[in-house]
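Below you'll find the structures, each written out as structure tokens.
There are two complexes below, and they share chain A, which is joined by chain B in the first and by chain C in the second.
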Partner chain A sequence: MLSKTQIEETMLNSGMAVDSQPPIPTDRNFYEMGLDSLDVFNVFVELESLTGIQVPDDDLEKLQTIDSIHAYFAAKGS
Partner chain B sequence: MTEKYRYRQYRDGDAAAINDLYADITGRTRSLREFDWQWLHAPGGRGEIWLIEATNKDGATDLIGHHGIMPIRFSRGEENLLFGKTENTMLRPEYRKRILYPRYERRFARVYEPRFDALFSTVGPAAAIRLRRAMGYTFSSKWVRLQIPTSWAAEMVFAYCICRDKLVDRERRCRGSSGGPESGSLARPGCGPLELRALNDSQARCDPFFDAFWPQCRVGHGLTPRRDREDLDWRFWSNPNTSNITLVSDERSDEPGYVIIRRSNSRPEEAVIEDIVPCNADAEKFYRLLDSALSWMRSNKIYWAGFTTTHESCASNGIAAGITGRDLLFRTVVRKIRNDPVSYMPRKITATGSSKGLDLHNWYVTPLVFEGRAS
Partner chain C sequence: MIGIRSIAAYLPSQSVDNIAQGARFGESEDFIRKKIGATRLTRKGDSEETSDLAAAAVRNLIQNSELELQQIDALVVVTQNGDGCGLPHTAAIVHDKLSLGSDVAAFDVSLGCSGFVYGLSILKGLMQETGLKNGVLITADPYSKVVDPEDRVTSLLFGDAASATWLTADAVWNIGRPVLATDGSGAGNLAVREGRLTMNGRQVFNFAAMRVPPQIRKLLQQEELEPADIDLYCIHQGSAAIVDTVSRRFREVQARFVLDMDDTGNTVSSTVPLLLVKHFHNPEFRRILISGFGVGLSWASSILTRRI
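== the complex of A and B ==
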């Protein structure tokens, strides 16, 4: 199962310039941390590769925190 | 979630909504005629136009994003190629945190890339550059923007560049001033400016010079945009955004070539060199043609000529090599148009282009590859 730590590591490993020091607050919106859609895109490329689950475009709007991503993948069985 | 997102390709009837999106995001207006010219009627075929739409819970659909590729015909010697220029990649600001635009472009690219041998972009804001990198474009060719004072640079260019290594020779041969066995060889090819005819767009469109120019000259050129009549007609002479002056070498000349310039409306003493092509892809021929064009401009009260190309070694065609190899000279006689940080021309060779052995380097590029909108 995808853990919150794995999601955080994926974010940090993607090279994005997060304006928070680790640990990243799990309830904080990515865009409020200074990320842009390309950063978030890269995170989802990694997470989809890691889990084998494709996230539909229409679901992405609500996946903007570590908590929400974690809950989403958990509900999908990963 | 209140909206659904979908994407699709252009359909007839979409132009007005695309122009509205373009106006909202860029602040520029574009007429339907200009849209048709840019996207539907290029010699390389219809542009790749991809749209992203949002449908709300009431079923109303809005155009929220656009990504386009303008087909630009290139050639490498006798070989025809099709390149694509990214253009009008735009997403309404309120959706930039709601959808992941790069996902969409990846999907679009999977469909359109096989059509093209290479993709390129010109310049853009930092976010656009990041996006190009993420899409696999390479940033190795730098733009060089020059502004050349025609009033005195032309002679220096001629004297210092063309005959740089043989200045004394030139004095003897061209002016016959030094005596010696070569004295008086005034007819030596390569001396003095070429005779140029100036054509307006209507005249250039029909001028017989262009019947044979590119068909005969392309074999000596490397990777560069095609300059068949229809390419030039579309990009310059029938371009609804601009009007140009086309300078062509005299029909008796043994060094055919042409230069297309666009005079500034607001500053008539300035012009942009939109394209410059000698038949022989050779640095000396390039400089002689440039010198001749500068001379024409000077006599027509144009005192500054802007020119943009890329800073790369162009051993295969010699032209850009001619310019970049003489930076020392240009540092003394030109000033950069802007003190921008270094900007690059992002390029990507597609799988189609890779199978033909295309290279990211050694392209001869002029403003012909720009959007074609008056700046």
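== the complex of A and C ==
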């Protein structure tokens, strides 16, 4: 099962500049932390690769915090 | 063996200030510089046609090499935005504009960002089969013809340019056996609809991130090489973010991936030859890996090896 720590590590390893020191607040909106759409694409490329679960474009808009991503993949069985 | 003898480019003199354009869409200068990777996007003039860009690149090639116009016996234009509606083929129009003789094979290749790698292989194969001596591969795909200036997704990315590459037996660089691939199920992610370019940015990004690194590894395996055996990685300059994402999959040689699109933007099939123009004569580089990926979805990679 994908953990919140794995999601945070994925974000930090993808090279994006987060205006917050680890640990990243799990309820904080990515875009408020200075991420842009390409950063988010990058995170989801890694998460999809890690879980084997494809996230449709329509769902991506709702997933803007570590908490929401964690809940999403948990509901999909990962 | 047919290889590359010389290469030249043509950049239109006009350009768009991409930082100002980004601001119009609410994008920061930092985003334009670090994620898009281009502060200026080259633009052809209103009266310039695709064939004009192509002919200008060939004239630059003639000026910068020993090739003479009358020696050209094969002329291939990689474009999906040819003159008019693509009929007649742009290669024929370029042939006329350069006043070439009739003993010339001339045709277009309909491919986008993978077109240069494909084109090298197509022209090399044709020349070896037919005995043609001096082939010129042109890339000229001005997306300004189809980009909607009000579309944030595409208008910040693409620039206009052309290149011309001379293939002959007495060459400087060998052209290696390419790895070629297609996923037509993704064709709709980058397509012209009702005369306007549309792009699903996320899907195109995912495609590049997921498909290109494995192809590069497959090519290296095919050639029995390690990533460190390649001196320079000249991959398609789709955006700074895409080059960064692909290069991160090769941590041990990440610094050898070139990012150089600041003055032009994504010039489609011309991005790779534009990089080669700058590094062609550097004797430090013995092996250059080239990779193009985009429209189709199509992706292609090959290795150029210095002969002399």
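By definition in this document, the second predicted complex is superposed on the first by the 78 of 78 C-alpha atoms of A that agree within 3 Å, B and C clash if a C-alpha of one lies under 4 Å from a C-alpha of the other, contacts with A are read in each partner's own complex, and residues count from 1 in each chain.
Here, a residue touches a chain if its C-beta (ideal position, glycine included) is under 8 Å from a C-beta of that chain, and two chains touch if they have at least 3 such contacts.
Treat the numbers as computed from the prediction; the structure is a model and nothing was measured.
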Touching partner for A:31 - first (chain B), second (chain C), both, neither: first
Which of chain B and chain C A:58 touches, first, second, both or neither: first
Chain B versus chain C as contact partner of A:49, first or second or both or neither: second
Which superposed partner A:68 touches (first chain B, second chain C, both, neither): neither
Contacts of A:6 with chain B and chain C, given as first, second, both or neither: neither
Which of chain B and chain C A:41 touches, first, second, both or neither: both
Residues of chain A contacting chain B in one complex and chain C in the other: 36-38, 41-42, 44, 57, 60
Residues of chain A that touch chain B when the two form their complex: 31, 36-38, 40-42, 44, 57-62, 64
In the complex with chain C, residue positions of chain A that touch it: 14-15, 36-38, 41-42, 44-45, 48-49, 57, 60
In the complex, chain B residues that touch chain A: 1, 3-5, 96-104, 127, 130-131, 134
Interface residues, chain C side, partner chain A - complex: 31, 35, 200-203, 205-206, 209-210, 239, 241, 244-245, 248
